[in-house]
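Right after this note come the structures.
Each of the next two complexes has chain A plus one other chain: chain B in the first, chain C in the second.
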Partner chain A sequence: MPEVTVRHSDKKSELFSVDKLRASILSAALANSVPEGQATQIADTVTKNVDKWLKGRAVVTPKDIRRVAAQTIEPLHPGLAFFYAHGDRII
Partner chain B sequence: MNTILSFSIILLAALVHASFQLSVGCLLLLFHRNFGGKKTRARTHEYVGSFIVGAGLTIFTVLSALSFWVVSAFHSGIPASFWITEIALSVGLGLFLLLFYYRRGKHTELYLPRKLAKFLSVQIKKANNNHEAFGFGVVSVVGELPFVIIITLVGATSLAELTSFWRPIASLMYVLVAILPLVIIGFTLRSRRTISEVQKWRVHNKNFLKVMSGLCAIVLAAYLLAFKLVPLIGGY
Partner chain C sequence: MAQSKFNFDLVIIGSGAGGSTAAVAAAKAGLKTALVESGTFGGTALNSKDIPLNALLQTAHLYDQARRGSRFGLSSTTLRYNYPAINHFKDIAIKRGGGGGNQRFYSGLGIHTYSGLAHFLSPSEVSVGGGSLSAKHFLIATGARFKKPDIKNLDAIKYLTPTDVPNIIRPPRSTFVVGGGRSGVELAQYLAELGSKVLVADKAARLLPNEDEEVGVLIGKVLNDKYGIKVLTKSKVVSVTNGAGVKKVTFLRGGEEKTVSVDEVLVATGLEPNTDLGLENAGVAFTNGGITVNEYLQTSNKRIYAVGDVVNAHHSTSRAMGEGQLAVENLARRNKLPLLAAGIPSITNTYPEIASVGLTEDDCLKRDTKVQKSLVPLSAVARSNVSDFHDGFVKIVANDHGKILGSSIVAPQAGTMIHEIALAIRHDILASDLAEMPHAFLSWSEAIQIAANKLK
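Our next item is the complex of A and B:
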C-alpha cells in the first residue's frame, strides 16, 4: 500500500499506521466493555475498511479516519461508534 | 439565621463548582485509557477512586487556604466592596458558563487552552498507578482554577463567617457536593454502564448543563446581593 500522510490540525504530520488505528479501536472497544474477541473482530473489520478507503489518497486528517472508522463500527456496535467518533473531544 | 444563610451560600457555590466539567472529562479519559488498555476492572476502579480523592483534597485545600486568607484579611467583617467584587465576578462567571464554557458541536470539548487539554489527555494515558491517578485528580482541579476560584472564594467567604464549630462541617459539605458528579460517574461505571453511555448522556444534556450552571452562578450572585450586600449597605 502506498504511504498516506495524516495531517493533524496543528500542522504536524505523520505516516498512517494501521497498528495505531487498530490499537485505538481496540482500546475504545475494551473501555466500552466489548468482549475481547468481538473487539478484535471489530478492529480487524474497521482497519480493512479504512485501508480500502485510503487507496488513492495521499493526505488525510485524523478526523477523516475517525469518521470512516465510526461509519464502519456503526452497524456492529452503535454505542462504540458514537464514542469512537467523538472520543477525542471529551475535554 | 446567619449560619443557615452561610450554609445555603456554600451549598449553592458547591453546586456551581460541581457543574465544571474538566475533572469529569479527565476521569472518563482515565477510565478509557486504563480499562481500554487491558487493565482489570478492579484496578481501573482503584485509579478512579484515587483520582476522586485527589480532586477532593485539592478542592478542600484551595477552599481552606482561601478561607484562611479571608479570615486573616478581614478581622472586622467582610467589607461591602469585597461582596461587590464577588457578585460582579459571579455574574461574569455565569455569563461565561452560559456563552463560552462549552465549545459548539456534538462533543463535550471545553473552552480551555487546547495545549492544556492535549497535555492532559496525552499524560493521562501514562497514568500507571494510584499515585499518578491521584496526581491527575489534583491537576484536573488546578487546570480549571482560573474559573473555579471565583466560586471557591464565595464559598470561602461564607465559610469565614461561620463559627469554628461549623467550619469543618461546611467545608466537608462543599467538597462532597463539588465532587458529587465524579462519585456518581465512578459508581455508574462500576455498575457496568459503559463509558459511551456516560459520554452520550453528557453530549445530549450539554445545553441543560450549560444553562443550569450559568443560571446557578447568576442566582448565587443575586443571593449575595440580596442577603449580604443590601443588609450591609442598608445597615440592618
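Our next item is the complex of A and C:
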C-alpha cells in the first residue's frame, strides 16, 4: 500500500505505521483492564479498519486516525472507545 | 503587492452536478479555481446516473410505445431490440453530455484539475494525492453513495444498484427491485419494458411515498396493469440467498413471510452523503443526513460551502446545479442571497412522467397550513383523446388566497409542464392568473388551466 503521511498540528509529519497504531491500541486496552485476548482482537480489528480507511488518502491528521479507531472500537468496547476518542496522543 | 497566502481562491471538491456548475461559475467570475474529483470527472449524474439511465429509459419507453401502436394502425410484429446497440446509444449520450472523463473541459476554462481523494487537514487546506491545496474558500460537492439496507445475507449475493444498470449486458429474465422510490420505479418499468418479469417492494403503503398520495397510487396501478409488474407495498425484504442459478428473496408482507426466486436483485433503497473527508479538521458540522448548511449554503465554517447530495441525498440534480451556481455567487458577495428552494421541480422519468414542485398536500397538512386543492384527470383535455392516453392528472395545492404552494403532474410531458407551476411559485403568481392565461388547444397544459380554474 502507498505510504500515508500523518501531519501533526505543529506541521511536523511522519509516515503512518500500522505497527505503532497496533501497539498503542494494545497498550490503551490493557491499561483499561481489557483482557489480553480481547485487546488483541480489538487491535487487529482497528488496524484492519484504519488500513482500509487510509486507502486513497495520502495525508491525514492524528485526530483522523484517533477518530476512525474510536469508531471501530465503539461497538466492541464503548469505554475504551471513549478513552481513545478523547486521549491526548495515540501515535 | 502582497501575495495571497493561498494557492487558490476556491477549491471545489467533486465534479458532479453541483461541483461542475460551481466550477464553471467560478471560472467565469475570474476566481482562481481548483476542481478535485476522486472518481470520473463529471460525477455520477453525467457518468452513471441521470444521463446514462435516462438514455436507456427513453429508449425503452420508445420501444414500448411502438409495441403498443396497433391501436393507431401501426404494426409491430417484427419489432425487436438489440441490447448492445441500446448500450451503445447510452455511451454516445454520455460522451455528448461531456461525461466519460471530461477533465479537459475544465482545464480549457482555466480551472486546475486534480484527481484523487480530497481530505481536509485544516480549515484552509486539503490533501489530494501526494500534495495539498490551500484556498480562501472551499465548496464541498461530494454527492452521495449507495446506502446498503439492512437485509440479511445481502453481501453473500451479487446484486445490482441503480448505477450498475447502465453496465448490464442484457436485461435479466426476472428482477426483484427493492425500493419503490424514484430510482426503483424508473428501473422497474425500464426492465419490464424490455421483457423482464419484475417485482418491486417497498415498506411504505404506496410507491413513491415522498410524492403526493395520488401519484403513488396511480403509478402503482399503471405498473401493475400495463406492465405486469407485481407491486408489493407494505413489504419488507428480510433476507436474500443464492439458489441454484437464481436468487431467493424473502419478504414480510401482511404478517406472512414469502420467498420468490429471481434472476437478479436490484437494490434501490437510497443514498447516504459522502461526508468522510476530514470535515472535523475543517470545523464543518455534519450529521448522518449530510452537511449542515444555512440558507446561503455556508457550513458551520463560513468560508466553506456545501451543495447537492452531500447536504441532502434526497435532493435533485437540478437543485444541486442551482446550489452550485448560488454558492459561488454568495462567496463573492457581501450581501448573500438565500436559496429559493420552493420553485425547484423534480422529475421521475417513468412513462407517463411524474413531476412535482413545491409542497405536497401531506407537507401542508404537517405544517397545519390550510389548503385548497384541485385534481384534474388528463382525460378532461382534448389531447388525451388524440393521443389515446388517459392515465394521469394535474394536481395543484394552493392556500386560501389562491397562492400556489405545490403541484404534482403525471402526464407524458409532465417534466416540461411543471415549469409553468414552478414559475408561479417562485413569482407568487396566483391560481387565478394561471387560469386566465390562454393555454394552447391540444396541449397537455390545458389541464393546468382547468386545475387552476377550480381554485379560488
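To be clear about the criterion, the second predicted complex is superposed on the first by the 88 of 91 C-alpha atoms of A that agree within 3 Å, B and C clash if a C-alpha of one lies under 4 Å from a C-alpha of the other, contacts with A are read in each partner's own complex, and residues count from 1 in each chain.
Here is the rule we go by: contacts are C-beta pairs under 8 Å (C-beta built on N, C-alpha and C of every residue); 3 or more make two chains touch, one makes a residue touch a chain.
Bear in mind the structure is a predicted one, so any value in this text is a computation, not a measurement.
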Clash or fit, chain B versus chain C on superposed chain A: fit
Partner chain in contact with A:T61 - chain B first, chain C second, else both or neither: second
Partner contacting more residues of chain A (chain B vs chain C): B
Which of chain B and chain C A:R7 touches, first, second, both or neither: second
Which superposed partner A:N32 touches (first chain B, second chain C, both, neither): first
Three-chain overlay, vertex chain A: chain B-chain C angle, C-alpha, nearest 10 degrees: 120
Which superposed partner A:L76 touches (first chain B, second chain C, both, neither): neither
Partner chain in contact with A:H86 - chain B first, chain C second, else both or neither: first
CA minimum distance (chain B, chain C), superposed complexes, angstrom: 13
Interface residues, chain A side, partner chain B - complex: 26-33, 79-80, 82-83, 86-91
Touch list for chain A against partner chain C, complex: 7, 56-61, 63-64, 67
Interfacial residue positions of chain C with respect to chain A in the complex: 38, 116-117, 119, 121, 127-132, 278, 280-281
Residues of chain B that touch chain A when the two form their complex: 21-22, 25-26, 28-29, 31-33, 35-38, 105-110, 112, 117, 120-121, 192, 194-197, 199-200, 203
